[in-house]
Amino acid sequence: MSSSDIFIGETIGTAVLILLGGGVCAAVTLKASKARGAGWLAIAFGWGFAVLTAVYISGPLSGAQLNPAVTIALALTSGVWSQVWVYLLGQLLGAMIGAALVWVAYYGQFQAHMTDPEIVGTDEERAAVKAVEATEPAAGPVLGIFSTGPEVRNAVMNLLTEIVGTFVLILAVLTQGLNAKGTGLGVLGGLITALVVVAIGLSLGGPTGYAINPARDLGPRIVHALLPLPNKGGSDWSYAWVPVVGPLLGAAAAAGIYNVAFA
Amino acid sequence: MSSSDIFIGETIGTAVLILLGGGVCAAVTLKASKARGAGWLAIAFGWGFAVLTAVYISGPLSGAQLNPAVTIALALTSGVWSQVWVYLLGQLLGAMIGAALVWVAYYGQFQAHMTDPEIVGTDEERAAVKAVEATEPAAGPVLGIFSTGPEVRNAVMNLLTEIVGTFVLILAVLTQGLNAKGTGLGVLGGLITALVVVAIGLSLGGPTGYAINPARDLGPRIVHALLPLPNKGGSDWSYAWVPVVGPLLGAAAAAGIYNVAFA
Amino acid sequence: MSSSDIFIGETIGTAVLILLGGGVCAAVTLKASKARGAGWLAIAFGWGFAVLTAVYISGPLSGAQLNPAVTIALALTSGVWSQVWVYLLGQLLGAMIGAALVWVAYYGQFQAHMTDPEIVGTDEERAAVKAVEATEPAAGPVLGIFSTGPEVRNAVMNLLTEIVGTFVLILAVLTQGLNAKGTGLGVLGGLITALVVVAIGLSLGGPTGYAINPARDLGPRIVHALLPLPNKGGSDWSYAWVPVVGPLLGAAAAAGIYNVAFA
Amino acid sequence: MSSSDIFIGETIGTAVLILLGGGVCAAVTLKASKARGAGWLAIAFGWGFAVLTAVYISGPLSGAQLNPAVTIALALTSGVWSQVWVYLLGQLLGAMIGAALVWVAYYGQFQAHMTDPEIVGTDEERAAVKAVEATEPAAGPVLGIFSTGPEVRNAVMNLLTEIVGTFVLILAVLTQGLNAKGTGLGVLGGLITALVVVAIGLSLGGPTGYAINPARDLGPRIVHALLPLPNKGGSDWSYAWVPVVGPLLGAAAAAGIYNVAFA
């Protein structure tokens, strides 16, 4: 695959992934959305089928890695690092485009949500909060549509949760090749991987919101910081390293196990 | 494929699509339906598996396009326009038949729902509303079973939402061929496309109800205007152009990207 | 396939179908069930995956028809009627065995449910109801775990709803063969059919509970009439012909369309 | 397959199965989990896709039996018992590792949940309960994240429920080989089996929580007894034999039917 195909494929694919993944979070969260309150099952299936859609769209161009954890794990198991930066750049750019498109698709909902005093508080309440938060701005009310955050904030435990979740994802991705060997069914891999992502969402998403993908978390967090959303609050940068480092450690662990036990 | 196979296939397929798609909206909405209140997850899976059912039924006859946005995008990428009108006519006719069949299947539920004063108001209330609405009739209480409508009415934003949703659908449809190439797995395409439609419903359906198909919206809207439903209210014709134009623009954008980056 | 393989396959397969299909109704309905209140989405997926399980178990033995509507439609399109009665007998026997197994698996739940005065009424209330119902016994409180029933009782409309639902099912089953032709993917048919059944459940199940299979309704109704359930109430025999005749008419209509347009 | 590949594959696979299966129970149950209250549909899909993930990860190494009931049934139908103990040991070890990983991933949630007086009672209340339970310690408040338990406690009926559920699972697993014969689609078996597990969860999980796998229940129960969870309560050892014996009897019954009717 050429570098330009890889870059374009990863950019489009990751944009679709985040558009649909962030989209389901917006759909379930925002005021004036028909899907408001649809709950965690909608979140888990939404992100899973976001992966499915993105994988089949970008597969023919770039092989659909769409996740720095996948890219690093494949480099660690194959030993080939030459195109890694092309993948990573496409993934980060795509994630940012996808997050911006969520804002476009849900523009009216964001406006309705972020100007509702019952949701964002009155002017006085927000001013009071702002004064207190001067040194440590809290996560804003719609940051969860862009990036992940922990329910119980504890860096070590949050990191462990992301490591465990990503370990499962990456081991499933690496073993896809073994399952498809000699069956000509490689094209099924996108469906299987999508259902694995549903599984991880249902089973391991509870504590931190399962980033399991550094680009999925960092790109939209940057977009959250840049977008002109009224009353958006902080982007929770103090947490931002966890969903980057955790998935990379989980990927490295899965690649190590794969090299020892499966290769 | 012969013109008659195409016309019959698209008519039957789109009728099944709208029967099942409109059916799930009826099931979740109407009084005296066992599925009442089943929520957005039911809607999203219902429409997705409606696509699946319709695709496998009509695929052998017409190739199962079932959506003017798909037909236009395939013409734009293949350059072949000769049968386009046969597809479009079959799709519109099928959508109208399907919407009428929803009314047949849920006849008792429509009757119970539309004569319940708690739902449609008392005679006096309806008369008062009618007087006010003389110049701009609002969407009726079951129009959502037939056609889509926005939660926040803003033509530009609603159009953008439909463009974005259809863009994802069409790009996924166009790249199916690339995924199936050489694997003999073209028959899986219906399942993948169905899950993409579930994804779009979960993730991008919140603002406008995701028409992403001009025939899906226009055909049933015509049937809503014609059916003898008691207290049915207006068919919201002022919005009707958005779910026609938006999907066609989204399809054109996806075809353009496909021609540049994938072909 | 030998007659004995057909009979055994259809008996086991339909027993599994009804065990799982009736089972999900019990799971969602009965007191002291962990799944109580899981709702219509659980019902629709439960019946769909019941079909999937039953089809893959009985497919190798009997071809997994499991439904008199399927058997009649295949006979009408193939012209081969020689084994039809073997199929039908296996299906009815299997459906009865499956319904009895639901009772076995949920024995404690049935006991808890049917002796709870808040659910079945006090002794006096039941006696009063019985006196009124002497001539027309109503459907009992757990009949829905065994057989279907209408939300709005109207024989013509209920029949139409069953005809429409079965028509979709049978057309999807008949066209499976065309989709699989030359692709060697016939084995996927069970999955596709299962998702079609989920679709029909979500979209057309609201009015009558979607029998779409005479054996699925009649066999368990007989078992309901025979089982020693406390306070079980009537088996609603006046409705029993609808879910038998409707599906057969829907199957005949689908076979007719298939012979004209697809064959 | 070598004994070491089998042992490693079954250990990793069963660890993933229980990590994701126990994980969804934690996600839906525990305080401070984003998925809290997601309900039975989440449980059933979570366990089903846990099976899917575990099967595709361990399939290439060990064939992904992951369940002593599967291992015994395959030995009974094939007559080959030589590696059975390797499978069983890997499964039990893996189940224990998986249960411990659930505790790691949800550490903060367990802490928050188990120290909340509204959930575990005040110190006085717990002391009072403890005094009464001296001879028969009840199941603790999070035991359900580790092991199964009955809603209506009756050894015979609970055993029957587990026998019926496992019978369906094992018959579906045994017939997979027949479905795949000559189609090269063996790799689809994991997806089909996963959906069968969803079916069993939805349909037969209500009374006992569907162990249908001795290792799935016993391994995590041992871990529950060992873990330093505050206020964890009893591990309900008096019930522990049911989800071991029931699945084995169900497996034997399915193997018997298979040998008579299908082989």
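Every chain is named by a letter (A, B, C and D) in the order it is written, and numbering of its residues begins at 1.
Following the convention adopted for this analysis, a residue touches a chain if its C-beta (ideal position, glycine included) is under 8 Å from a C-beta of that chain, and two chains touch if they have at least 3 such contacts.
Because the structure is a prediction, the values reported are computed rather than measured.
Trainee: Farthest chain from chain B, going by the mean of C-alpha atoms per chain?
Mentor: So the chain farthest away from chain B turns out to be D.
Trainee: Give, as an integer number of Å, the spacing between the C-alpha centres of chain D and chain A.
Mentor: 29
Trainee: Express in whole angstrom the distance between the two chain centres, defined as the mean CA positions of chain B and chain D.
Mentor: Distance between chain centres, rounded to whole Å: 41 Å.
Trainee: Which chain C residues sit where two or more other chains touch them?
Mentor: In chain C, the residues touching two or more other chains are 39, 41, 184-185, 188, 191.
Trainee: Work through the pairs of chains, note which ones touch, and then classify the graph as line, ring, star, complete or other.
Mentor: Topology of touching chains reads as a ring, each chain with two neighbours.
Trainee: State which pairs of chains touch, listing all of them.
Mentor: Listed by label, chains in contact pair as A-B, A-D, B-C, C-D.
Trainee: Tell me, which parts of chain A touch chain D in their complex?
Mentor: Listed in rising order, the residues of chain A that touch chain D are 39-41, 44, 150-152, 154, 157-158, 160-161, 164-165, 168, 171-172, 175-176, 178-181, 183-185, 188, 191-192, 195-196, 198-200, 202-207, 209, 257, 261-262.
Trainee: If you look only at chain A, which of its residues touch chain B in the complex?
Mentor: Those in contact with chain B are residues 8-9, 12, 16, 19-24, 26-27, 30, 32-36, 38-39, 41-42, 45-46, 49-50, 52-53, 56-57, 59-61, 101, 104-109, 111-112, 184-188, 190-191, 194.
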